[in-house]
Amino acid sequence: MEVNVGDVVLPGDVIQAPNTNDKGKLILGPGLCRHMDEVLITTSGVLRKKGRNVYWVDSHRKRYVPVKGDTVVGVVVNRSGDTFKVDIGSSEQASLSYLAFEGATKKNRPDVQIGDIVFAKLLEASRDLEPELVCVDSYGKKGKLGVLPEGGFIFTCSLNLIRKILNPKCQMLKILGSEIPYDIAVGMNGKLWLKTKSIKETIAIVNAILTAEHLQHHEIASLCDDVINALKGM
Amino acid sequence: MATCYKSIHPVKYYRDFLAKGVRPDGRDMQKFRPVSINVDSIKTAEGSAIVKIGNTVVVCGIKAELAAPKAEEPNFGYLVPNVELPPLCSPRFCPGPPSDLAQVSSNFIAETLTSSGCVDLKDLCIAPEHLAWVLHCDLICLDHDGSLWDACVIALVAALRTVKLPHVSYDVEAETTVVSPEKRNKLQVHNTPVATTFAIFDDEILLTDPTNEEESLSSGVMTIVVQGGQLCSVHKPGGSPLTESQLQECINGAMKRAEYINKLVNMTLESLGT
Amino acid sequence: MVIREHTAPGFNRPAENFGNHVISQKTMNEFYTIIDIRHNVTLQHPVALLRSDFEFCFDAVCVQRDTAVVTAVFGPAEVKPQRILIDKASVEALYRPKTGLPRVHDKMRETLIRNTCSTALLVTLHPRTSISIIVQEMQDSGGLLACAVNAACLALINSGIAMKFLVAAVSCMIDHEDNILIDPNSKQLKGSKASLTFVFDSIKKNIMACHTTGRFTQLQYEESLLKCRNGSDKIFSFYREIVRKVHQEHDRMSPTCRT
């Protein structure tokens, strides 16, 4: 079946004659694949288009498949030789070299223990290779990456929710932050790390984020107000 | 050279052959492997047969036992087929509990038996509610080189046709059983189903009677059981999709094969002088 | 049909009626979409229930007439060393009967579901991983195999795993007067001389899988195949309807999905 942008698509559908006059160049995002001269849909969802030639399928997902350049939250589960193994929720544990930290040298090893939570960037993510993490950018600076401080709380949610709260249009984290001081690390792998002053505040924010899954933006604002009021009332 | 090529790129090796319309073992697409049948080979069993299709060898032995029929089916006997795939038949199988393939095969053979109705379970009943025959049909594969179910069905039917059950009389009042082994009756086999396996290579080429290698490289297999111009079972457990015309081709091939196999089995049984 | 009623305080929405499609929405971490399409004559009342409240688990309840199964899909996940395939994902299907342990008969269903799904899935996209499909039988009122295949496909759609095409299974029977009946129930099946189940792909509607019991002629086989193929269109449009409903809900809920 041939489909257009904005349609609900199912695997096996074909995109209707994508503009081939742009030097025949098309950028295919998630949920699409090329087969001979046709563009086939591989996941169910809604077909989207951005600009002249960028296509992708919006779909609901929970399982993380590593993508190069994503920032993720992971737990250090093992240490073998020069690398740490980090669980980022994908099918295979990611590796993190001890040299991939700011200022780390062979003599000056970073202080990373098993069980630590790291916020890192995927340097390499190919289906045939083990995903590789780094905690520095290309200038050797750590930026916001690195081992997250102790005393935080880690929880998971669907990948759609992550994209939603990271959307610039979503004011949720800002509104909450205006009243409750907290630190948060949002990983594209569906893991979030949160640190507040009290357990009460942690529970409130976790619940607020998880509830936002099926809410609209204006509803989220009122949800945030509810949460803040409830906390103040206590 | 050819063996190197084959082990490095087996699929392409096959593709090159098939493009010329011939399979690596010299057959063309529709050609079957030679079949040889030996009946009544195991003297300790009530009925037996050995079937060889190419390199695939299946031995079938049928042992009879007396038991009380099920309460819900008081005038039915039992027919219990069991397919065994010991590690000796192929490196694919490990010692231990029956593999998935062995279980699926046993289930398929059992379904084929009921669908075709080649043995009427009522014939196996001696005294309703009290005594009936249990026929344990053990199918042991000695060498698995593809088309296992074809060999199993041929062996089973041939073995069933050699079964001679001793005469049993049952006294309901006294609840005594008298077995007279010297007086034996032949088991009624009402019809003779024949199974034919096809493999689908590269989503479109149909290979009749595939070898083990062909089965593992193909994208799907299908088994059709034919019995006297009728279809008994069309079993295709997934794999690449087939068009209707391809399916028809398979059915026609299976029909022709059934005639040939039945002739062969009849000839073998006649040579036995029974 | 079983619909669990949950009332989460605070953010509850009433069930809404869209013609004869019933969609009910529970918030917090409960999210059910219940879609009920009443087909005219052939396929009666297939009902699907998609739920997404499990961690990494995507499941679908598929109800056809009164036959019901629950399916869950896990993956692409870590794979046991003995099952690892270096060039593709290893697909496994687990079938659990309503009572007792899986029997020999259930192995056949597992094999059929596994082979069908692994052909439909783009397994080469996730090498060295495993994709498990768990099918739990809830009730069998005829056409269990077809229902299980359809539920497995729904769960795969819901999981967002990359697939080449969708599959749809339709069962039919031939009665003693040689009439062909689509989607029979267990009562009708008792008076059947043969029963057939076909699985079709969504692109060319070719035969993916086939399982039959009983005896029939070639003509009857072809006739049943044709009838079932026509019936499969309904299932494919049913799939599309479900995805449309689910995404409508999502869109209504989250404008971020729009661009």
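Per-chain residue numbering starts at 1, and chain names A, B and C are given in the order in which the chains are listed.
In this section, a residue touches a chain if its C-beta (ideal position, glycine included) is under 8 Å from a C-beta of that chain, and two chains touch if they have at least 3 such contacts.
The structure displayed is predicted, hence computed values, not measured ones.
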{"item": "Neighbouring chains shared between subunit B and subunit C, ordered by label", "value": "none"}
{"item": "Chain whose Cα centroid lies at the greatest distance from that of subunit B", "value": "A"}
{"item": "Length of the line joining the C-alpha centres of subunit A and subunit C, rounded to whole Å", "value": "30"}
{"item": "Subunit A-subunit B separation of Cα centroids, rounded to whole Å", "value": "54"}
{"item": "Sequence positions of subunit A contacting 2 or more other chains", "value": "none"}
{"item": "Where subunit C touches two or more other chains, by residue", "value": "201"}
{"item": "Multi-partner residues of subunit B (each touching 2 or more other chains)", "value": "none"}
{"item": "Subunit C contact footprint on subunit B (complex, rising order)", "value": "100, 103-104, 106-108, 111, 114-117, 219-220, 222, 227, 229-244, 247-248, 251"}
{"item": "Subunit C residues within the subunit A interface of the complex", "value": "11, 25, 27-29, 31, 52, 55-58, 75-79, 120, 122, 125-130, 157-166, 201-203, 236, 239-240, 243-244, 246-247, 249-257, 259"}
{"item": "Footprint of subunit C on subunit A - complex, ascending", "value": "8-12, 31, 33, 40, 42-46, 48-50, 58-63, 65, 89, 91-92, 127-128, 156, 158, 160, 163-164, 167, 169-170, 210-211, 213-217, 223"}
{"item": "Residues of subunit C that touch subunit B when the two form their complex", "value": "104-105, 107-108, 110-119, 194, 196, 199-201, 204, 206-218, 221-222, 225"}
